[in-house]
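See below for the structure under consideration.
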Amino acid sequence: MAEAETNLPGTSAVEIKNDPRVPAELNNNVFITTLDKIYNWGRKRSMWPMLFGLACCAIEMICTAAARFDLARFGWELMRPSPRQADLMIVSGTVTKKMLPQIVRLYNQMPQPRYVIAMGACATGGGPFKEGYNVVSGIDKFLPVDVYIPGCPPRPEALMHGFIKLQEKIEKQSIRTVPWYQPGGDDVVPVPMLGPDVVDLRRTAEIAEKTRA
Amino acid sequence: MAEATTTVPPAAKTAARAEKAEKKPVVTLATLTPEMASLQQHFGADLIQPAPYEGVLITDPARLTEVTNFLHDELHLESLTSATAVDFIKEGYIELVYHAQHITGGAPLCFKTRVSRKDADTVGLPSLTPIYPGVEFQEREIYDLYGVRFNGHPDLRRILLWEGFNGYPMRKDWHEAYYAQDTKPYDTRWPAGNHKLDEERVPWADNVNYPPNFNPAEYTRNPDEGLYDTMYKEAPEQGPTDTPYQNTGIKTDELIVNMGPQHPSTHGVLRMVVKLDGETITDLKLVLGYLHRNHEKIAERNTWLHNIPYTDRLDYITGMPNELGYVLGVEKLLKIKPTERADYLRVIMCELTRVASHFWSIGFLLNDLGAFYTPALYFITEREFVMDLFDEITGSRMMNNYMRFGGVARDVTPEQLDKIRVLVNERFPRAIDEMERLLSDNEIVRMRTIGVGYLSAERCVAYSVTGPVLRASGVPYDLRRADPYSLYDRFDFDVPVLYGGDVYDRYRVRVLEMRQSLRILEQALAQIEQTKVGDIQAGKKAYIHRVPAGEVYSRVETPKGELGFYMISDGGQNAYRYHVRSASFINLGALKEMTVGMKVADAVVILGSLDIVLGEVDR
Amino acid sequence: MSLLGTGILKGLGVTLKHFIQTYAEDFKYIGKKAGIEPRPLRRQNPANHGMVTVEYPREHMVMPENFRYIPFLVKDSATGEDKCTSCGICAKVCPPQCIWIVRTEDPVTKRPVPAPKEFHIDTSVCMNCGFCAEFCPFDAIKMDHNYEITSMSNRQTELVFDKDRLMMPDTYHAGIHPADWARELEDKKADEAKKKAAAEAKVAADAKKAAAAATGASAAATKTAPPPKPPAPPAQ
C-alpha cells in the first residue's frame, strides 16, 4: 500500500507517494486518476452478461434486451452463452438446489473481474418459493452478489436500474484496490454437492458435527 | 427433519382446527357413467367400485394392468391424460389417480387404485407404461415425490430431484427445513408478527435438511446415478441395424454429450443427455428438475386464494390460461358461476395470451434455427403491446393475478377495449401476415424444418401429447372444442389441423391458431358490449373460501396444450391435494422418439418446436 | 415452391421494411417539436409502427394506475397518522406470507389499539400480487409504482422494509392512483353523509350502534361493488 496518499482538493485524483510498486523515479509524480477513470469507463460500458436464464425473470431479461428496452444502448448487449467470455452473471430466477452446483461452477469459470446481479425476489432471498424444499433462499449464500433487484419479476426498467447501479459501483472501484490484482484475489467458490440435501462444502465439518446422533 | 419443526402453533388453535376437521361432511361416492358401469359389469363389483367423489376405484392394484388394458382396447380410451398420487396419511394409503380420455373429446374417465404407505416403495404396483407410454415421466414423478414403486417401468429413477435426496417430499409427513405450520396463514405473522427471517428461525441458519449421522466427507453417491447406465448398455456392438437411422458403414465412436442445464438452446434449465454417432443422435435422455420449485407442496399449504398468483408462475409466458384453469376448478367445487362480463374478459385475456405466447415461441424457434434474434425481436415487439395492455388492465406484465373465484379482479375501460381492438383488427393481422412473409416460404426455414422431428398421430396420442404438437400431427383435438369450458362454445372458430407432424407444421399450426384466436377475440369484443359494465364479480368478494369437500379435475387449453388441475378439498381453507398436469412436461416425453436419428442441430429445433417452458415442466 | 431463393428475398424485404420504418418517425416529425405526444406514449401506441424503444433512464414509460410493485402504507396527511388499523387481513391474504405486523397494545389496559406497532414487509419474498391492497378494508396499504429499489448491500437489512420505510403520505398515493383516490374520497363522502343521516335521525344510543355497524357493512360493500363510472376502474 502507498505510504501516504493525498486526495487532491476538488478532484478524485490520488497522488502516489513512496509506493513500492511504483518505480522510484516516478514516486511523488504519479497520479493514477486517469487510468482508473479510463479503466472503469471502458469496463462499465462493455459488460458482457452471461446468457443464462433460470426462470420467469429470464423472460423479463430477454425483454430488456429486446427492442422496447434495448439493453444495447448501454453497451451491454452481447450476451455470451459461455462463462469464459462473460463478466456479469445475472441470476435471473429461482435458484434450485439441483441447479446450484452448476451455477457456482459457471461462476468459477467466469474470468475476473466478475459481477453478480441477483435479479428478482427468488434470487435475492428465495422469493415466494422460499419455503420450498428444493429452493435456495438467495444466491448470496453461495456467491458474492453485487446488486439485488427485488420484484417478482422486476420490470425491465428495474433491471436496467440495477445495471446502472452496478455501473456506479464499477466507477468507484480503483485499479489499486480491486481484489483481482491483489495476491489471492482470484477466489474460487467451492462447488456445493448434492447429497441428501444440498451440501455446502465450506461447512462439511460443521455439518458432520451437527448431524451426529 | 427433526430440526425443522421448531414453531408449533398454539395448542388451542390446533385443537380448534382439529375440531373443525372432524366435522367433515360424509364422503359422497361417485355416480357411475355408462362407461364406468360397463367396466364394473366386466370385472365385477368387487374389483371396480365407485370411488369417493369421482371415478372408479380398482380395489386390487395387482390387477391394474388388466383393467387398464380393457380401458384402452375395449373402451378406446386412447390417451392417458394425467396420473398422480394422493397421500391419505390418516387412512394410511397412497391413492393413485389416473385420468384417461377419448381423443375424440368428452370428459375424461377417472380411475384410482390404492397402495399402502408402508409398502409403496417396496411392493409397489404395476407400471402402465406398456399400455400408455406417455405415463413414463408422470410415474417417475410419483416415484420421486411419493415413493411409489412402479414395477416394469423402463427407467425408474428420480426425475425432479436427484438420486440420494432424503425422503419423499410430497408425503404429508415430510417437512422441509423452513417448515412453519401445516397451513397458511401462519400464526406468527399477526398479531405478534415480530419479523424474523426463516434463516434465523431454523437452526443452522441454512436451508437444509440432513438425516442424522450424515457425514459429507464420506458421502459418495452420484446425483446422476443410473443416468448413463442404459445409454452405455444399449450401445450397439455389431452396427446399428435395428436403430431407426442408417449407418453409412463407417466405424465411428459414440459420444455422450450433455446439453444444458445452462445452454442457450434449451429454453431454460433443461438438460439433454444425447448419445451421438458422429452428429447423429442415437439416444436421448432428459434430466429435469432444475427449476423444480415445489409448486404443489407450497400450494397444498396455501389457502385457495393464495394459489392464484402462484399459478401465474407455472408457465410464466401464459399466466392467464393458467389462472383460468385453476379458477374454473375451484369454481366447480364452490358451485359458483362467474358473471357474463367476467367470462368474456377471461376469454379475451386468454386469447391475447395465446397470440403473445405463439409470437414468442415462433420467435425462439427461429432463434434455435440460427436466425439469431431478428425474427425474435420483431415478435417480442408485438408481444410487448400485449404486455402493455396487461400492465394497464391487470397491473403486471407477466404475473397478472387477474382471475378471481366468480369473476375477475378489474373491469376494463372502453379505452382499453379500443386498444385491444386496434391490436386485434389492425396490428396483429398485419404482424402475422408479415411473419408468414418472413418465414413461411423461406427456403432455409423449410429445408431445416420440413420432415424434421416427425411424430405420427398414433404415437402422439400414445404419448399423451397435447396442444399444437398434437394438432400438427393430424389429430383435431383442442379442449376448447373437445371439452368446452368457459364461453368457448359460443364462438365460431376452427381448430387448425395439419398432417405433416414435423417442425414446419407445428410452426404453421401456431400461425393458424393465432388467426383463429383473433377471430375469437373479434367476436368476444363485439359481444362484451352487451354485458353490464362493472359486473365482474359474482357474489361477494372474499378472501377466505371454505370450499366444500370434493375433488375436481379441471383443464384448459393453454398455448402449450392441456393444462389440468387435479384438486381435492377436505372442506377447509386449503387444498388437500393440488396437482398440475402440465402440457410441457408430458409433451417432453415424446422428445426422444422425435429426435433419435436426427442431427444434433435438429434436436435443438425439435425442442424449440415443442415450445416448452421450464416453469411448467418442473413446477 | 417457386424459384429457389424468392422466399429468402421476400423475407429480406420484410427486414428492409423494418429498417426503413425505424426512420419513419424522424421524417414524420421533422420540424415539429410542439404538440406531439411524449415519445414513450407514442412508442407504446399500437397504432404506430417503427421504433418502439423507450430510452429508459432518460425517459420513463408512463406507469398505468393499476401497475403494482412493492406495497406501501398510506399516511393520512391531515392527521399525520397511518391509516392502518393492524387488522391483519393483509398478512392473512399474503400468498408468500411476507407481511409481519405487531399490533399495538394499550400500555394500561393491555387491549389492542388499532394501529400497528411494527410493520415489516420482506421485499425479497414479496411476489407483487397486490392482494394486500385489494383486500385492505381501510385503504391503508397500496401498491407502489416505484421500481427503482435496487439494493447494493446486505439484503437482509436493506430489503426488509420496516414501518418508516413503508410509510408514504396520502398525497403520494393520490398522485400515482388518481382514480382510486377519487373513489376513496367519494366513499368517504358517502360515509359521512350516511353518518349525518344517522345522526339526524336522532335515535337512541343503541340505534346509533346499529348505524355504526351499518356503515361498517356498507364500507365493505363498496369494496366489492363495481365502480360507478367506467373511465377508470378502482385499483382496489
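Here the chain labels run A, B and C in written order, and each chain numbers its own residues starting at 1.
In this text, contacts are C-beta pairs under 8 Å (C-beta built on N, C-alpha and C of every residue); 3 or more make two chains touch, one makes a residue touch a chain.
All of these numbers come straight from a predicted model, not from anything done at the bench.
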Query raised in the report: Which chain, with its centre taken as the mean C-alpha position, is closest to the global C-alpha centre?
Result: B
Report summary line: The pair out of A-B and A-C sharing more C-beta contacts is A-B
Query raised in the report: What is the distance, in whole Å, between the centres of chain A and chain C, each centre taken as the mean of its C-alpha atoms?
Result: 32
Query raised in the report: Taking each chain's centre as the mean position of its Cα atoms, how many Å separate chain A from chain B?
Result: 34
Query - Residues of chain A whose C-beta touches two or more other chains - result: 67-68, 126, 128-131, 152, 155
Query - Sites on chain C at which at least two other chains make contact - result: 52, 95, 122, 127-128, 156
**Report entry** chain B: positions in contact with at least two other chains
**Finding:** 199, 309-310, 313, 381, 384, 399
Report task. Sort out for me which residues of chain A touch chain B in the complex. Result -> 51-56, 58-60, 62-63, 66-68, 81, 93-94, 96-99, 102, 106, 122, 126, 128-137, 141, 152-153, 155, 193-201, 204, 206-208, 210-213
**Report entry** chain B residues within the chain C interface of the complex
**Finding:** 184-186, 188-197, 199, 302, 305-310, 313, 374, 378, 381, 384-385, 388, 391-396, 399, 401, 409-415, 419, 422-423, 426-427, 434, 437-446, 533-537, 540-541, 543-544
**Report entry** Residues of chain B defined as touching chain A within the complex
**Finding:** 160-162, 164-166, 169, 176-180, 198-199, 204, 206-217, 219, 221, 223, 261-264, 268-269, 289-295, 297-298, 301, 309-310, 313, 316-317, 376-377, 380-381, 384, 387, 397-399, 614-615, 618
Report task. Enumerate the contact residues on chain C facing chain B in the complex. Result -> 1-2, 4-8, 10-11, 13-15, 18, 44, 46-47, 52, 64, 66-68, 86, 88-89, 91-95, 97, 99-103, 112, 118, 120, 122, 127-131, 134-135, 143, 156, 160, 223-224, 226-227, 230-235
Query raised in the report: In their shared complex, at which residues does chain C touch chain A?
Result: 43, 52-57, 60-61, 69-70, 95-96, 122-128, 147-152, 155-156, 158-159
